[in-house]
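Mind looking over this structure? Questions follow.
By written order: A, B, C and D. Residues from 1 in each chain.
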Amino acid sequence: MHQITARVVENKEITRDIFRLTLFAPAVARESKPGQFVHLQCGVNQSYILRRPFSVHQTVGVDAFDVLIRVVGDGTKWLAARRPKDSVNLIGPLGRGFTIGAELKRALIVAGGMGVAPLVFLALKLAEEKVKVYTVMGAASKDQLLDFMDLKRLTRKIAVSTDDGSQGHKGLVTDILGKEIEEADPDVVFACGPLAMLRAVAGISRRYSTSCQMSLEARMACGVGACLGCTVGAKDNYLKVCSDGPVFDTQELGW
Amino acid sequence: MHQITARVVENKEITRDIFRLTLFAPAVARESKPGQFVHLQCGVNQSYILRRPFSVHQTVGVDAFDVLIRVVGDGTKWLAARRPKDSVNLIGPLGRGFTIGAELKRALIVAGGMGVAPLVFLALKLAEEKVKVYTVMGAASKDQLLDFMDLKRLTRKIAVSTDDGSQGHKGLVTDILGKEIEEADPDVVFACGPLAMLRAVAGISRRYSTSCQMSLEARMACGVGACLGCTVGAKDNYLKVCSDGPVFDTQELGW
Amino acid sequence: MGSLEVDIAGLKMKNPVTTASGTYGSGKEYSDLIDINRLGAICVKTVTLKPMSGNPPPRLWETPSGMLNSIGLQNDGVEAFIDNDLPFLSKQDIPVIVSIAGTSIDDFSRLAKMLSAQSDIDALELNISCPNAKVGGMIFGSDEKLAAEVVSKTKMASTKPLIVKLTPNTGDISAIARACERAGADGLSLINTVYGMSVEVDTLKPRLGSIVGGLSGPAIKPIAVRMVWEVAKVVNIPIIGMGGILTAEDALEFIIAGASGVAVGTANFIDPQAPIKIIDGMNKFLEKHGVSSIQDLVGALKIDS
Amino acid sequence: MGSLEVDIAGLKMKNPVTTASGTYGSGKEYSDLIDINRLGAICVKTVTLKPMSGNPPPRLWETPSGMLNSIGLQNDGVEAFIDNDLPFLSKQDIPVIVSIAGTSIDDFSRLAKMLSAQSDIDALELNISCPNAKVGGMIFGSDEKLAAEVVSKTKMASTKPLIVKLTPNTGDISAIARACERAGADGLSLINTVYGMSVEVDTLKPRLGSIVGGLSGPAIKPIAVRMVWEVAKVVNIPIIGMGGILTAEDALEFIIAGASGVAVGTANFIDPQAPIKIIDGMNKFLEKHGVSSIQDLVGALKIDS
């Protein structure tokens, strides 16, 4: 875990209101594991004061890494306005990422919307580990299918759904998930996306008795496990999304 | 009085940490009188919330005007970072400017540091009114003598002092003021600058029985006379710098 | 389109937005910048029986997302108000709320009587919560018995609806609120500013001439919303909520927490258009959610149980 | 170079900067990011006798220049603290302050006794001011008699210096402070968070699972400085000031107003380097002004009269 004032290498609007911000931070790039996140300070003297968490999207060489940012409020607006040579103060890598068991042979990745952010990095790592990867991916529409080409390249099969039917199945990712689980027969499902989707993915995975890891979101203050602000209700206690997660096995959550 | 979102025409650093910001605001440019000010909103979502007051420095054509800004804190830093096509929300023109009596023949202008800001505009107006203008000007050093050439052009004589002696008298404006009053024999002294200087100018003018108008500063909230926050103690009451002033006759103040 | 009309303590307002006393002068100051007739009502700077010179400057200091003020109820007295300020207000087409403060219960009664005689005044706001003046001020506002006494006596002297303005500088604002209701208040407004101070470290001096002042602005909004919610639970008279309202969303927080009206204070300094933007934003909100009247949102907070 | 050393209630600190309870876990969480041995002391998350699960999420909401939290004293209980957290702290070279809370006076006494037996603990902070839990919480902190009782009983059970943490959610914090002093408190710390709430207007729901939470951060700094100043005027025991401290200048405001020490809370979330920067900034301030000891600045506010 490091705190670094990282130089901006590049900041590119890859599709409307979604930016890929590349930050120079060798220690973070080297130590990050898929599913971990960085905690970014989005300006000083702003009326909002807290840092914002973003998944490590991908390492770039050995010295830099990307985050994918959807502009939804003031903090992300500030990040979107960064230019090369500006700098961003960050803490990372943080949290527990995806667990890739030594025995893992087949995996299914489920990406919903911005949930794709940590999953390309995961797919890369799985490919390195010679795991057979299948992907199910959903978004509002075709142009929102971020990283489609990367994931396609890294996976045996990629199934797609869009809300508006502009690509693949018209409807939800979870409409087609069962079929893809049957086909891919994964040892584990790795998911990231909106809460409602994750809840549904957990249920479907359970139905197929497939273990399932998912990356959750929560408002955060410290990001390092000190404040107990980011908790999620588990079976009979509260777990910290920032340090017990953000990736959880659905069994831990009792989902 | 108008509230306008004005486009930035130009923003030039004329000397270290001092910017000349030109704003497109026809109504304000047309109605402003020397000594009046504008109340600028320095960003939104900042942790500081209030507007900042700046003297109208000069009108530029009929549609725009300048302010001279010294960067001293967060608000002025924000203004310094504005670029052409950005915009700045302003209220103005505000307050009571300098009073130029119909009988006025001879005037002495006293400018201390940034206090020069409203005085070029005044000198121009006085020249239009065929008033004979003399100037005494002080600053920390030669490069801080803002608008020197403009004032020189507009006045019969310009006397200078600098703290470091890099131009003119080494010392304070008020060291040389008496002599210049004797020489110029003005009907009125117009002054703007740091409080300590203004206090001294008031005393010297009184000694020569010369009437004296000065532009004061105070922290402001509303800028329009509604909140009573910017008051200065006068003889037996409090006057509002924003709407009773910022220009006061020293007699009103009991100085 | 939904309706923004509200009736607060008998005051018919075309929308719930009024100004916060002391931040809007007598309205004239802002009338070049906005059409003040669009407001639901106007509440003017607190007046006292005799002129008051106020506190020594400096009177303002900016703090993170807020400001401290120590104006100290500077005003020219009630007679000057009636002579100089009221004529302008009379010409406007909106309800006028006059805020009053005094040193004694007798002061309040006399003010209430004098102002009740003015047909152009629609309601009185009893300022028993000013942290910035020995006069009037908080003594009345932080003691249940005193609050009740000043309210009932003023009520007797007044023919106008009586709104009581509460201070947040108390341990139990609900208790004071209930006491005021029992004593005959027609409405409540809250919150006044929160006691605060700031120090200039290089000179070791307080930033305000009177050392302590009142904190206002967005910084105090969460405190104000909470107090409105607490008070709304225990009283049946309408509440005007205020404290850090900048946007329609801010205003709606107060309404959902239990306020029937809202007052805009510090936001006027930041953007004189704020009250208008808030009114427009409320209209849009009703439309977006298909709500027919803003009154349906008053106290509509949804609580899981 | 000036000295930053202070002695607070018998606690020898190499500088006045400690952490605010609940914002720093047990210190371990931040030990990768800063050298915690540079701190003047460390104050850990409040512990209770039995484990507590805390409040339902969401527990955080950001507000202008501040944040609301409703953690609700989640902790694994005092035994887990002694077994799991204390060993790490024992290895550090700084005084350790343990914050305690309970539902009953008996709870406090038992906690004090158990923790007094631990030689690696240097002081206890009595949290009678948590707005977020039925347990412990504010009942004790907003009533003079109860506060005095819990302080004197805990004092009897304890061999460590006793610092009492006060709530700002009271009308007269000075009265509570005096009661605690009389009852035997060795020091005071203030302020805890200010009760606040926020509403999500589109859903009509409170932003926090427990509806109301505690406001912290720069927004409350003026309130906190004012309370420190008020309390310092009426007590003779040392004060640890807190509430929105981000910079050395902020910290110095508290010291000049009367605090002997300061605690950094929310600022840790914004910048984990904040405590170090504050210590460095205090050193620079002493140097710049030729002050030989930070103690010379305690309560040094200059008031014209």
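FYI, a residue touches a chain if its C-beta (ideal position, glycine included) is under 8 Å from a C-beta of that chain, and two chains touch if they have at least 3 such contacts.
Here the structure is a predicted model, which is why all the values come from computation and not from measurement.
Enquirer: Ranking chain pairs by contacts, what comes out on top?
Expert: Of all chain pairs, the one joined by the most C-beta contacts is C-D.
Enquirer: If every chain is reduced to the average of its C-alpha atoms, which one ends up farthest from subunit B?
Expert: A
Enquirer: How many angstrom lie between the CA centroids of subunit A and subunit D, rounded to a whole number?
Expert: 36
Enquirer: I'd like the Å distance between the centres of subunit A and subunit B, where a centre is the mean of that chain's Cα atoms.
Expert: 55
Enquirer: Per the centroid of Cα atoms for each chain, what is the distance between subunit A and subunit C, given in Å?
Expert: About 47 Å separates the centre of subunit A from that of subunit C.
Enquirer: Quick check on subunit B: which residues sit in contact with 2+ other chains?
Expert: 47-49
Enquirer: Provide the list of subunit C residues touching at least two other chains, using ranges where the numbers run on.
Expert: 64-66, 217-218
Enquirer: Spell out the part of subunit D that touches subunit A in their complex, as residue ranges.
Expert: Within the complex, subunit D touches subunit A at residues 22-25, 29-30, 32-33, 45, 53-54, 56-62, 64-67, 69, 71, 74, 217-218, 266, 268-273.
Enquirer: Write out the stretch or stretches of subunit D touching subunit C in their complex.
Expert: 63-66, 68, 142, 169-172, 194-199, 201-206, 211-212, 215, 217-223, 225-226, 229, 244, 249, 252-253, 256-257, 285, 289, 297, 300-303
Enquirer: Could you please specify the touching residues of subunit A with respect to subunit D in the complex?
Expert: 1-3, 41, 47-51, 89, 91, 218-233, 237-238, 243
Enquirer: For a test of understanding, state which residues of subunit B touch subunit A in their complex under the given definition.
Expert: Touching subunit A: residues 45-49, 74 of subunit B.
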